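One chain, chain A, appears in both complexes that follow, with chain B as partner in the first and chain C in the second.
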Partner chain A sequence: MADIAARGPTATVGDSRSSLHKLMQRKSTIAFLMALPLILLVLILVAYPAGYAVYLATLNKGMTRFVGFGNFEFLFGRETFWMVVYQSCLFAITAVIFKAIIGFVVAHFVHNIPSKGQRKWRGMLLVPWVIPPAMSTLAWLWLFDPSYSAINWILAHLGIAAVPWTGEADWARFSVILVNVWIGSPFFMIMYLAALKSVPDQLYEAASIDGATWWQRIWYVTLPMMRNIIAITALFSLIVTFANFDIVRVLTAGGPLNSTHIFGTWAFRVGIESGDIPLGASVSLFMVPILAVAATFILRDITKRGSEV
Partner chain B sequence: MAQVTLRKIVKKYDEVLAVRGIDLDIVDKEFLVLVGPSGCGKSTTLRMIAGLEEISGGDIAIGGHVVNDVPPKDRDIAMVFQNYALYPHMNVYENMSFGLKLKKTPKDEIDKRVKQAAGILDITELLDRKPKQLSGGQRQRVAMGRAIVRDPKVFLFDEPLSNLDAKLRVQMRTEIKKVHQKVRTTTVYVTHDQIEAMTLADRVVVMNAGLIEQVGTPNDLYHSPATKFVAGFIGSPAMNFIPCQLEQAAGALRVRLSDKLSFPVPSDRTARYASHAGKANLVLGLRPEHIAETRPHTEANQHDFDMMIDVDEPMGMETLIYFTIGRTDICGRVNPNAGAASGKEMKLRADLSNMHLIDDGTGKVL
Partner chain C sequence: MADAAITAGTVARPNYGSMSRDRRWALRWSYFFLVLFAIFFLMPPIYMLITSLKTSQEISAAGNPWWIYDPTLENYIELLTQNHYLTFFRNSAIVSVCVVALTMLISVIAAFALARMKFWGSATLATGVFLTYLIPETLLFIPLFKMFAWVNETLGIQLMNHWWTLIILYPTLTVPFCTWIMIGYFASIPKELDEAALIDGATWTQTLTKIFIPVALPGIIAATIFAFTVSWAQFLYPLAFTTSATELVLPVGIITTLIKGDVFNWGQIMTGALLGAAPPLVIYAFLMDYYIAGLTAGATKG
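Right after this comes the complex of A and B.
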């Protein structure tokens, strides 16, 4: 670009045109130009906001004064903050474990359906994952309604007292995790199903001839063969679940008494709803080191996997 | 060590009959080869013996016990698969010891047996390698080692050599035979390669379209095939099939191949063939090695004839020649020094003492 702008009406026109031509022909230049739209997108939507968040986190509430680590010091002293840390970890880890287990079991069932009917089931089982979470969570919110919901109605008919699904701290934690598991399991299912399909049938046949029971076949053949996919899916999901916002926001909005807040929702509560944007930025920045560790593991695993093949 | 008995075994896939009621007795310590073209039901039969396929009808007994409803893990068999089916995440030692480990065999016993099997197969130095680091032939040995270590009642081989290159295949063939001579376990071996079948087997079972065509020793099948299918399947180059008529003239029989060409039927066969004289759909079966160049000495039932050679294929130790009678291409094997050349007339000799007369309608050798 600069080349063209700098070009004057002189005898060097031909030269600069050909050097521009050469530059355009270089593979690296072409590659850079083709990646440019994405690079710009990342810069505008990721790098700039991230840098801005770091800057914001160093300001006072009125955003008039630089306070350094003041916001962080304040957070460390707050009981709610440590509850959010605990709740975020509990939420992410529990949800991922259950998503993985359910996904694995369901993938096995689907894998054993004859291929004719399998597509139908695969499609239906993917539905929770495909519906926008905010909408499906809204449906869950209605199901969890203490007095008028279908779930409590059925429980009442069974003679069980109404459950305060979103009204009591532990039940509310259970509910947000349940909804997250419901939405996220299909992703695990589809990943594990793909992994299962890549295990050659002959290995199972060899194992059953070697004397393995179905459980031993899973333990000694399926799991080791799926190890990489299991690890990558779990870590990936851990990051996404940790950074969740919509489910908690719609279902409990962090309540009751902040007991279900996770980083995303609490940052929103503190920053937007309570008007302390620098403090909200500081809260959200806490996700970075935790997620960075998980991301490092993922990337390491992928490169390791790549070199194995 | 055990005999295997198949009684009226049927396998049905939806509406298709893959195996259509076969009976087979496999003797203890025998090396039995199931051979046939693809889709003939040989692999299905093997997999039913293994218990990997349910049987739709009939009984399978191993060592005298009916195992129809016994799962593979309780049949005490070992199987070598076409793609070896080694566990990729385990090293050779773990692959070989897996079955024993599941049976909770004591560690030192496992160690002893793995080392012993590795010794037999000459893979001792590969024990801590992963399957990925092995060549095709080495993987094949490991797959066999995994079977040997188990010391099962029956070995099952499912086309174990078809993923190897030609040279290695010949080498491993000998290897398998050697191993069987050492280990002496009842073995059922499936292949589509008739040379593999002939070289390995104590007895060969030729299968076609879900049925057994013939059971016999390799020499039986070669010299006295029961059907046209067996006659054509066993032997390479394949037996020549020449449409013919059987003529009765002055108390002697002649096979007429064309207007110009006919041979007298060997006298010891006249009684056997007499009733078929004049029938339609008769085919003369004659192996290429029974059509050779003419020689000074003539034995009984050898007859000279002149033929224009279409193609000659020198193989070194012999030359294959092709010529036409009527519309049938015929192959013969002549001495490389007999002067066979494409487009040249040549004096050939047919040895009718090894002829087969086949009813093309029923496919039976008469």
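Right after this comes the complex of A and C.
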């Protein structure tokens, strides 16, 4: 558009400059008005609450008095808090790594088979991502039921003792990660499959001619070509997983003994259920550093690609 | 298509050289592992279906949980005639449809302005919109909770415990991403197209409705599907902001009303969850390509 506007004056000559100026002004005003609902929505319901959370975190429980870093000091002194920090990191990092690996492996298998069958397989394998997480976690809760677990029934037939899926701290940690991996790896699969399709076949042919093994082909051709998409998918997923709520809430509700609480669920427990809003806000603010780091990397990648285009 | 031809060629070719033999083994292993992964990925939904067709006696019996001895539709009938299930479904449907309409209205118009009608700060705004998408709802629900209390005190509007409050809240989850992918789609439309329209005397509104929306229709469908699935699946906001049975939406409704204390009525819970998962699954089954386009657009566009 800019070049039309720039060419305008030379074509029409002279005194139309002021009216052109007015037109320009009008165009940008219209544009601003068109974006206004978006701006208001973001300001009122996202930016303001985000800033307000910081303010809330500095108040006492009754929200009557300013206590500075009092809530944070209180949190640092609590064992549960450090458990939540540990569990959040364990949950997010382990889940993202396994999602990435499973997604990569499955994408490869789908890519390997003749392309007329790919659609069907892809469609089937994406189902866990399509079902609302709260609903599918309910199915897992039932599969993990302490007395009627259908998975334990299979294990019993294989001669393996019953597993306390959600009953013991370490198994519960494993279970929430398992469910998260189940829900999230199809997303990675789709992203990696799209990336695999964009790797030119000639590269693989050249590698085969040079005598590369399948492992070398993956290591020296596929991975370098997919580096960008792997990084950005993992960062996206890290943000989403770190801020997860549904899975932990439905599957264990943080139990047993708070061992599976992550920041989101613990903030809900403290802030809404126990009614200590400032403390809940403080808990949720601990998500910000890791989100900020991930967001910075994503943004850098996007602006870089933007400038390449 | 190209690799299909290559694959077919390799398979059909008579057995000489190790490459085609390797290829065939790779294919067999691929199918083998794909079947294993498909079992893992489809086990929970299938088990939902199995449980939903059982009587409560059979569920608590010691038999094979993976087999239905006495299939019945009892759970479906009970769920759809009693309980508040239909209310939840209606609430979910109204909220989702309104949110989708609102989202598309806001984001298509804003994306058009940001992609084509540059104004002061529009580039910053586009980046800001993307950043907003990265702010999770787990960070916002507590301040929002407090803000709603404040609105009630000063303006006298009770926002808590009403399903329509969700119509105001959900766009914060859908609009940023939809705007972002619409900017991507609009930016990929050649400038010559709207310049031609402008020369022919089209107004901005006409350019948007007659050119941009038709041309970017696949993107709009993808964004619509995204907005629908997000608002249908949202769990935290309704859990935090609605409590009475008449105001609940599906995921929360199933969990709070069908689980009474320690009593889990699994037959009904699985039926409810399966029916609740049905709308996104149906949309996905019919519009898979658009669904996947929306999924991959976030990271590959822009």
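Everything that follows uses one rule, which is that the second predicted complex is superposed on the first by the 276 of 309 C-alpha atoms of A that agree within 3 Å, B and C clash if a C-alpha of one lies under 4 Å from a C-alpha of the other, contacts with A are read in each partner's own complex, and residues count from 1 in each chain.
Going forward, a contact is a pair of C-beta atoms (placed from the backbone, for glycine too) under 8 Å apart; a residue touches a chain by one contact, two chains touch by 3 or more.
Everything numeric here is computed off the predicted structure, so don't read it as measured data.
Novice: Go through the superposed model and pick first if A:107 touches only chain B, second if only chain C, both, or neither.
Specialist: neither
Novice: Figure out whether A:75 sits in contact with chain B (first) or chain C (second), or with both, or with neither.
Specialist: neither
Novice: On the A-aligned overlay, A:224 touches which partner chain: chain B = first, chain C = second, or both, or neither?
Specialist: A:224: touches chain B, not chain C.
Novice: Who does A:298 touch here: chain B (first), chain C (second), both, or neither?
Specialist: second
Novice: Between chain B and chain C, which makes contact with more of the residues in chain A?
Specialist: C
Novice: Thinking of the overlay built on chain A, is A:251 touched by chain B (first), by chain C (second), by both, or by neither?
Specialist: Neither: A:251 stays clear of chain B and chain C.
Novice: Quick check for you: in the superposed arrangement, does A:208 touch first (chain B), second (chain C), both or neither?
Specialist: It touches chain B and chain C both.
Novice: Residues of chain A that sit at the chain B interface in one complex and at the chain C interface in the other, please.
Specialist: In the superposed arrangement, which is not itself an observed complex, chain A uses residues 208 for both chain B and chain C.
Novice: Which part of chain A faces chain C closely enough to touch in the complex?
Specialist: On the chain A side, the touching residues are 1-2, 4, 27-32, 34-35, 37-39, 41-42, 45-50, 52-53, 56, 63, 102, 105-106, 108-110, 112-116, 119, 121-136, 138-140, 142-143, 145, 148, 150, 153-154, 182, 186-187, 190-191, 194, 201, 208, 214, 229, 232-233, 236, 239-240, 242-246, 249-250, 263-264, 267-268, 271-272, 277, 280-281, 284-285, 287-288, 291, 294-295, 298-299, 302-303, 305-306.
Novice: Given the complex with chain B, which residues does chain A contribute to the contact?
Specialist: Touching chain B from chain A are residues 200, 202-203, 205-213, 216, 220-221, 224-225, 227.
Novice: Tell me, which parts of chain B touch chain A in their complex?
Specialist: It is residues 50-52, 71-75, 77-79, 81, 83, 85-90, 98-99, 102-103, 146, 150 of chain B that touch chain A.
Novice: Which positions of chain C touch chain A when the two form their complex?
Specialist: Chain C reaches chain A through residues 1-4, 6-8, 11, 19, 26-27, 29-31, 33-34, 37-38, 40-45, 47-48, 51, 59-60, 64-66, 105-107, 109-110, 112-114, 116-120, 122, 125, 127-132, 134-147, 168-169, 171-172, 175-176, 179, 191, 194-195, 198, 204, 229, 232-233, 235-236, 239-240, 250-252, 254-255, 264, 266, 269-270, 273-274, 276-277, 280-281, 284-285, 288, 291-292, 295-296, 298-300, 302.
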